[in-house]
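Two complexes, one shared chain (subunit A), two partners (subunit B, subunit C).
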Partner chain A sequence: MSAQWKEIMLVINFLFIPTVWCLYEDQMGLFDWKQDFVGKVEYLHWDQSPAAMGKRLFVGTEKNVVASINAYNGSLAWRRVFEESVRGRVDRLLYQTNILISVLAGGRFVRSWQMGTSLLLWETSLLADDSIRASAVFTSREKADSFLVVTAHALYNIKTNDGKKIWETNLPKSDTANRWFIGVNEDDTYALVGVTPETDVVMATVNQEGTVISQNSVPAPWINDDTSCQIVKGSYFVCYVPSKQALQVLRLSGGKNFISTSLRDLGFEATSETSIEIPSTGVTGFETEIILRVSRNHMSVLTIEGNSLKIVKNMPQVSAVQIVENEDTSYIITLQKSLKEPSVSITGYELKSGQESAELSQKIPFANSHGLPLKVNVMMFTRRRDSKIGCKVAILSEDDALQVIQKPGRVSWRREEALADILAIEMVDLPVSENQAKFEDEFGSHDDVFVMFIKRLKAQLSQLQSFVIKMVERLQGLRHPAPTLSDEDIDQEEEEVEEEEDLIRDEFNLHKVIVAVTKAGKIFGIRSQTGKIVWQHYLPDLSPFDKYNRQTMLLFVQRTTAHFPNPPQCAILGKNKRTGNALIFTINPALGVTIAGTPPNGLDLGYKVVQASLLNEVDEHFLKGIILMDTQGKIHVYPESVQISSSLPSLYLHLTDLDTNIITGYRIVNTNDKGLKADEVWNINLQKSQQTITQVVCKRAIEHVHSQGRVLGDRSVLYKYLNPNLMAVVAEGEEPPSPGTHKGPSKFFSIYLVDGVTGHIVFHVNHKRCHGPINTVHSENWVVYSYFSEKHRRHEIAVLEMFEGKEQSNSTAFSSLSPPPQPLVLRQSYIFSSPLSAMATTVTEKGLTNKNIIISLKFGGLLSLPKALLDPRRPAMPSQESMEEGVIPYIPEIPIHTEAIINYNRTLSRVDGIYTGPAGLESTSLILTYGLDMFYTRVMPSKMFDVLKEDFDYVLIGSILFIMILVSILTQKLAAKRALSRAWK
Partner chain B sequence: MAAPIKYTAVGLFLAIIADLSGLVHLDDEFEGSRTLTLEHSFTIDGNAIFSKRGTVVIRSLKGNKAHFTPASDFTREDINLLKKASSQKGLYQLRVPVKEGSQQYVSTFIPACALYESSLNDQLTINFDQSGEVLGLSVVTTPGICVGLNVPASNFSDWKTTVEVMQTVSGPVPDTQTYIDKMNRDKVEKEKGGQNDNRSFFGKYV
Partner chain C sequence: MAARSKKHKWSIDFAGSGRLRSVVASSDIVSPVGFMEGSVVSDRTKDVDPNLIVKRSWDIALAPVKQVPMNMFIMWMAGNSISIFPIMMVGMMFIRPIYAILALQKTFKDIEGEQAPFQKLVFILGNVFCLAMAVYKCHVMGLLPTHTSDWLAFVQPQERMEWSGGGVIL
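What follows is the complex of A and B.
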């Protein structure tokens, strides 16, 4: 009976472990922060309703989000996040006075939103094909009571107030056309153009009752899915054809063929960026002009008069244009980035007269790190006081940032939406303080005694100085900045002061700089304790490696802050957008300055890279090299000052070919005449006919393993199989339905643990009737992965743990070339009751602390799960020995405790990944999740064993100590007295 | 106190049944013997020239039954090649075709000196998936480290090779049945031994 009690107590004990992580209410936001993003903005509208004129912005984004942004401070008023798949794709966001309608997934979901609260007013579903984008326009310019949606199957006219279909019409050729354009003609008929790629366009005119009046098709073999086209004045169809470098115009009423106008005839030089610009509000169907982007910073406004194109205004140097109407006057708003200084001039012209409007023109500061402004959305209004026109401007730039100008000449706020698409992330230590640096300088060098003495004196003087300053500051209390001329200056000054104070390593090295590389080609340095951006760089040519629709960029920490006086250095590796070659960019992550010798837009390496890895070899300045393999199989080292010959020939690389599922290993050798060369030394074939490799997961290089084994109940040690070269390869596939049984095709996946040096497959396991997405965590001697079981229709998490056995073959080093005997692989699987989107494991400075698995759940929680719950040694029948060892008895389900959800009530949408990094405190691991939301916090998997608690009672302990000392002195005295008196007896 | 032992036995029995069913399931995947041609090369400076070393006959994937038959003796020439490769930090590479007669190979390597110093004492591991396709090949020698020994030529008379076969195993599944059984047993036990504890509140803790 007593054994059972013990067992129950043990279970209860473990059930209570998670409670120690939860925060007190007043600790909310003290160690963590969260930032919400919406993603790259595709559709943008200013709120024009009389109640909230210009107070809100409505956006529809590439990340399947519809949101309302507060125009005064840029905060999110509300945000609706739709499904990640095509079912959530925002095809159009229609807005007019009091109506906000989103058309999703090719017209499958048409929803109307209450603008202030984001309540769903109505929803209707149309017959649609979600692979084809829907088009939608309002039927009239103002106060429309219905709108048109064209899906892959039909044209619908839908009432705006309740979503009822007024009529629907089948369109000609709707089975082949996969893009539709709508325009509204002056005589209130609707013009529709359907595009069948590489074949023809079909034109149809539909009257207000929904009957097709006329239809006609015109061959257009040059047209494809990417051709930019537009309907002008409801009666012309204009396309730009890059292959011909010409604009093609087709008259919709009775036009028999396209009339081609070469760009050269218009006086323009075609570039790869040339296209017809779609305004940020989306196509309204009432366009009378064409905005042509000739190049990155050359725009032109054209119109059609009598079948021929006419230039309304040609604007070289301008990169963003909008045509906006205010009280029956149309204006062209242009944005021109200054070449000399970081500013943008906004100019307004009257469309008819071409006259510049002084009231609209202004100049705003615009940092080079935003690239060029790409799109502009202006809300114009006439002031009641002096009946002058004014405007509010929203700008979308190349770096995906959204900024808004409320008062002329000043950017009120900006949202860095590039951060919604982070592809690579690292946390870098901050540099040590000045005093600390002086110590380093003092003890690091070998000068003669006199110089050292002077240095010592200087260091102590400066220490004294900083101490005095600190004391004075403390006495003065909070500092107030001196009054300055404008509030902007104050803002800037305050920021500067803060930065100077903060960008220094703290006592426990908890504050770091987060370096984030984004899909837009922008690199950010973010302060980890506040989430504020310290520095940013935009590289116009940087784009991710894009293979099999998986986008990757690489970020290497080449030198940490540990090598004073050498500054830390990070390298970013991506693809050059223009040449396709590898592009490398090096930066000091603490300050955000580019390393001397790096071109400001990155260095084009001149070859395409297939594999890259950070080396352990350093040059004389402690800079780690990067080894790169190009498409020719040649090996390059960056920078060239790093000599790797000392570690040759024990340097190995491997490549995974997804087309053949063959993983090939290479050994790098130095040939005297041709430099470095990669020799193929091994390969394995993972059967492409059955499956495809989806992931290759290696261990993290920064990981330390403190304990070599596990102490069992009988005091013997089970040694871990710690192969640093081990990688987990995940391959997913589908079994064809077998003719004998009546089963359909069933999915499966396999996991291979492969030694990266010799190609030895250490272990392979196969899960039948299970499918991905598979999240894999590989650390120490274990692999944890999650998958979906089709058989049981539930999510499961499995763990593989490798042990060498009771004896260790080589306790000092691991060599793949003389490996230990085949490891013992223990495995266990558990039911996980919630879908999950990403997994990671905590990592600490020395690897002493227990590990937790951080799991982001699809419902928005971030779960911190002790690794002890994912331990294949959990016994089904607890024995005396297992209890002695402290293994939790096996329970098939992994519990999700709400106390273990470390983001408490801050829901995280669409987590792409979780980054974990060590802090200076061994107990603490820093966590950053990224995706649509960014969330930063810290966890202590083994509680705070190395820090005194905040509520530690110094007074009590101090006074007890004092009393004890007092008592001991007293008793000593008394004892001496007594001894003396006894001696007299 | 005899009761728990009995139940443990039941648990074991269940586990065995589960294992057996796994075996039965796997058996219909692939069974049957096959022969693979093993080729080797003493590679210096990355120039691999493969020649036939022998054949590996696999009689049963399940039973891990495989053995190696050398094609010919280790000739004088081979010894010299191996010595040369060993002294020049060359590699000893091995490969087998994915299918018999196929031009697609899986390959592996060890430093040539490791084979030399082990005097042809090596263990091959061939990995197969569940349908019997070859995935990979690896080799280790005993001892596996090079210390610079000089081995007499008489040690190279024949191969001392063992072949191991590894097949993909089925992944773990959550073991709900055992847990439910255990819960039921606990319940029964509780009911059986469910006499009320008549001791006082403090009595229990004394």
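What follows is the complex of A and C.
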């Protein structure tokens, strides 16, 4: 009978699990938000079609996206996300009046898009090599009926309306040339230049029928893949050579060699930024001028007259230039960032006369946090009303932001595209309210009685004051803004007011500040509740560490908000773009102000860092230190005020060298004469010849494990193996084909569980005929990883769980140096029916709540999967004991319930990672996925056990309670009366 | 004592109708024929039998022990699953001996005779035995925190002795 009962309970449990995750329809967007990004914009076009002139922007980005942006509010009209690999790379985005063509993956996919709806009009595939970028231009300046695409193999002329190839021509030296440039000559022949790195350039002239008229090759040993070059007037080829600090000009018709012009001769000083600027619309092939970027904020427009370079306009202090044409007049548009105030002045000059055009010039506010404007795209038009010229301006700045000016003098909207490339993320508590802070101050300090009494009085007075203010405000009703302000101003102002009020901790500490560090070197503070940006900082020198092509930046929370009156502090560690040294920047994450003593552009530490780690030790102001190891093996502590001598003998650091596959462990020791030093203790060689380490996954420091073991069916305890120093090392490799069997090479991967202190390999597992990408989650006593099984051609998720056994060898402390006996490792793998892109596990305040695994699926869903489903102890045959324990019977497949998809219908494209953070409520975990889209929500893996449900009927319960009390009082009275009357009988 | 009459010597009739409210002495009325003064059955029990007191005291002392078979039957009937009825039964099994022990003084007043101390002891032991049975029932049902798993929630996490950090070279 009891077994049956439990079975029923189990079934009921199962029935209820999924329903808890889903939302009601009216809860959409209440706890979550989503932001769409496109990534760093590479190509930008204003919609010039008569129907929607200036109403849309078309962009092609580095994140393999082609999108259309509404020019009035900056929202995405449509977005096409291509493959993440090189097959989705947008090489060119061609636009003319009502034609939008994207050339992807070196010309492999040429697609024409319907501009309003993003429908695919036609697609054609060219013979291409996707490692070589394709070039493409229209054959005429306006209303072209065909366009040219040059791939690694040939030149194609394609019709714009149906994608049919008109002709194709094989080009000379197409096997060695790595890049091709196209220009259109005045006599309507096409000039092509192919670059073979470090050898030569080949020139070819092709006529309109597609036959090669002439070809010639010129040696150019200085040229390589990064050399910036351009074809001017269809008859000159210009390159800038950084090594020679000179511009090289080659005449395409009969030129025998390059003519070198030193920058000095032109009156410029070369810098590392010097290059030929490619306009945001891409190369059109009809260029007559060269835009030369001399330095970060010095541009110059050059032209070629009679084989020699001539300066058209030299513009020091200008950081963005565009040459734009309107009704047969060419203008130079320049953007100059003011040094004193946060503003940018836009100035237009007539190209021929050099005269400033008053109609085009304007000044716009431009925050310092955007860096310098880098590229500008202006749409000019002549007003019908007064035949004056006007313009709409789109600006791309150093921080990857896109801003658009619709009306002169004001930025209509901006898109922070840096957020599409988040490298490090943390959620930080908001500060407590002013009154709360006063209380904290009162109880936190150790003053004498009199001072404390005064503080008490003050705190209560301020409470009274705020109460009175609140009441007065309520009496006055809603505030009305002054009528003189325009609508937009009010909007903005209201926004500001709202934010100021709200930036304090809420009751359950659910609202946080998300600190996001991006690849562009910009740091954002985002309100978790709304997704609005609270503060932003742009550090021009900050760039990610990029060893082994892995871009990493480190973000440490050195002090949380819990230590009032000390402000919270975050440290961002990256690489200095210019010096290559480590760059550290500290900030108060709640307010976004830099910590006193930090330079505004970050502190260059003066040495290169190989690894850094947050200390557990705090100084007298509760500030956690950071230890940094430099290339010499010396250990530095930041800030230096933190004393680590007391914890020194137990501090360890490990480094993984991906080139050699050697993991080395160090102990930090204090040498009296040389300061702190890392002493090598152990190393593991994982045989580079066979495999390559791809991941090293440690546990998260903020994680708490509440339960030290698992209760089994017979009510004994299986203690967890909770080694805090354990790391999971993933190495992927390929087995060579064995000569005996006729099988090809088969991929495999291994997972090593290594103790970070002693280097002891606790466990090792090898998966044959399986390959990555492997996503790994390491938490508590388990490791969950996903991979693709070649044998069964399906995705699988495997789980390893480590247990010490029924006895705990040391219940008070865990030391890797005197470890418990070899743990019992249980493992199981499950079929997962969908490809996935990222995995993370939920984290809660005390670690009491069950864990869910958050999985982002490739099709755009975000799955919240209970860890109980990924349990290696799921029995194939459920027994009495397993049922007693509540283990779910084994099913080989992990179900994907649609109710468990926490982002309901909001598809997430290309998720790079998932961040999970604890909220003040134990039941709740906050989730943020980042990548091309940002999505924030919260999950309750064990349901909302610590808060009353929203639909809790307070009135009913309250009235029942009240009636009950009333009735009990009444009956008491009646009973007393009755007793008395009975006594009288 | 023997002369105590069942009849009232006098009575006042308040409820009587009419104005004739008078005290009527009952002795004035002549007894009817065949009426005998005094009851037929004489109160002979008043001659106390000491054995009877002991017997009665034993009854009281052995009452808890007599409940044991009944309790065992209930225990067997209730089963070991945790649901409302078995819990109520276990609760009853607990409450009865506890009440009995609480009302010990009152019960002991009734126990007389030379065997009284022994009987009191038996009474207490009987109740304790009933309690023990209830506890055993709890144990069988798994309601007693006797396993390590029951104290797992109070186990403090292990203190971390060494700190390690690091990863792939930056």
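Here, the second predicted complex is superposed on the first by the 935 of 985 C-alpha atoms of A that agree within 3 Å, B and C clash if a C-alpha of one lies under 4 Å from a C-alpha of the other, contacts with A are read in each partner's own complex, and residues count from 1 in each chain.
Going forward, contacts are C-beta pairs under 8 Å (C-beta built on N, C-alpha and C of every residue); 3 or more make two chains touch, one makes a residue touch a chain.
Values in this document were obtained by computation on a predicted structure and should not be read as measured data.
**Student:** For A:Leu503, decide between first (touching subunit B), second (touching subunit C), both and neither.
**Tutor:** neither
**Student:** Applying the document's definition of touch, where does A:Val911 land relative to subunit B and subunit C: first, second, both, or neither?
**Tutor:** Neither partner.
**Student:** Which holds for A:Ser815: it touches subunit B only (first), subunit C only (second), both, or neither?
**Tutor:** Both partners, subunit B and subunit C.
**Student:** Given the touch rule stated above, what does A:Ala177 touch, subunit B (first), subunit C (second), both, or neither?
**Tutor:** neither
**Student:** Looking at the overlay, what does A:Asn766 touch: subunit B (first), subunit C (second), both, or neither?
**Tutor:** first
**Student:** Which holds for A:Leu928: it touches subunit B only (first), subunit C only (second), both, or neither?
**Tutor:** A:Leu928: touches no partner chain.
**Student:** In the overlay, answer first, second, both or neither for which of subunit B and subunit C A:Ala728 touches.
**Tutor:** Touch partners of A:Ala728: none, neither subunit B nor subunit C.
**Student:** Which holds for A:Ala798: it touches subunit B only (first), subunit C only (second), both, or neither?
**Tutor:** It touches subunit B, and subunit C stays clear.
**Student:** Under the contact definition given at the top, report the residues of subunit A touching subunit B in one complex and subunit C in the other.
**Tutor:** 1, 815, 817
**Student:** With touch defined as at the start, can you tell me which subunit A residues reach subunit C in the complex?
**Tutor:** Contacts found on subunit A: 1-2, 5, 545, 547-548, 550, 552, 554, 575, 609-616, 627, 647, 650-658, 665, 693, 696, 698, 704-709, 711-712, 715-717, 722, 724-725, 756-757, 810-817.
**Student:** Contact residues on subunit C for subunit A in the complex?
**Tutor:** Of all residues in subunit C, those touching subunit A are 79-81, 83, 142, 147-150, 152-153, 155-170.
**Student:** Would you pull the subunit B residues touching subunit A in the complex into a rising list?
**Tutor:** Touch list, subunit B to subunit A: 7-8, 11, 43, 45-46, 89, 91, 93, 98, 104-111, 114, 125, 127, 129-131, 133-138, 140-141, 143-145, 166, 168-176, 178-179, 182, 193.
**Student:** Mind pulling up the subunit A residues that touch subunit B in the complex?
**Tutor:** 1, 649, 667, 669, 671, 677, 679-687, 690, 750-752, 754-755, 758-761, 764-768, 770, 789, 796, 798, 815, 817-819, 822, 827-831, 872, 876-877, 890-893
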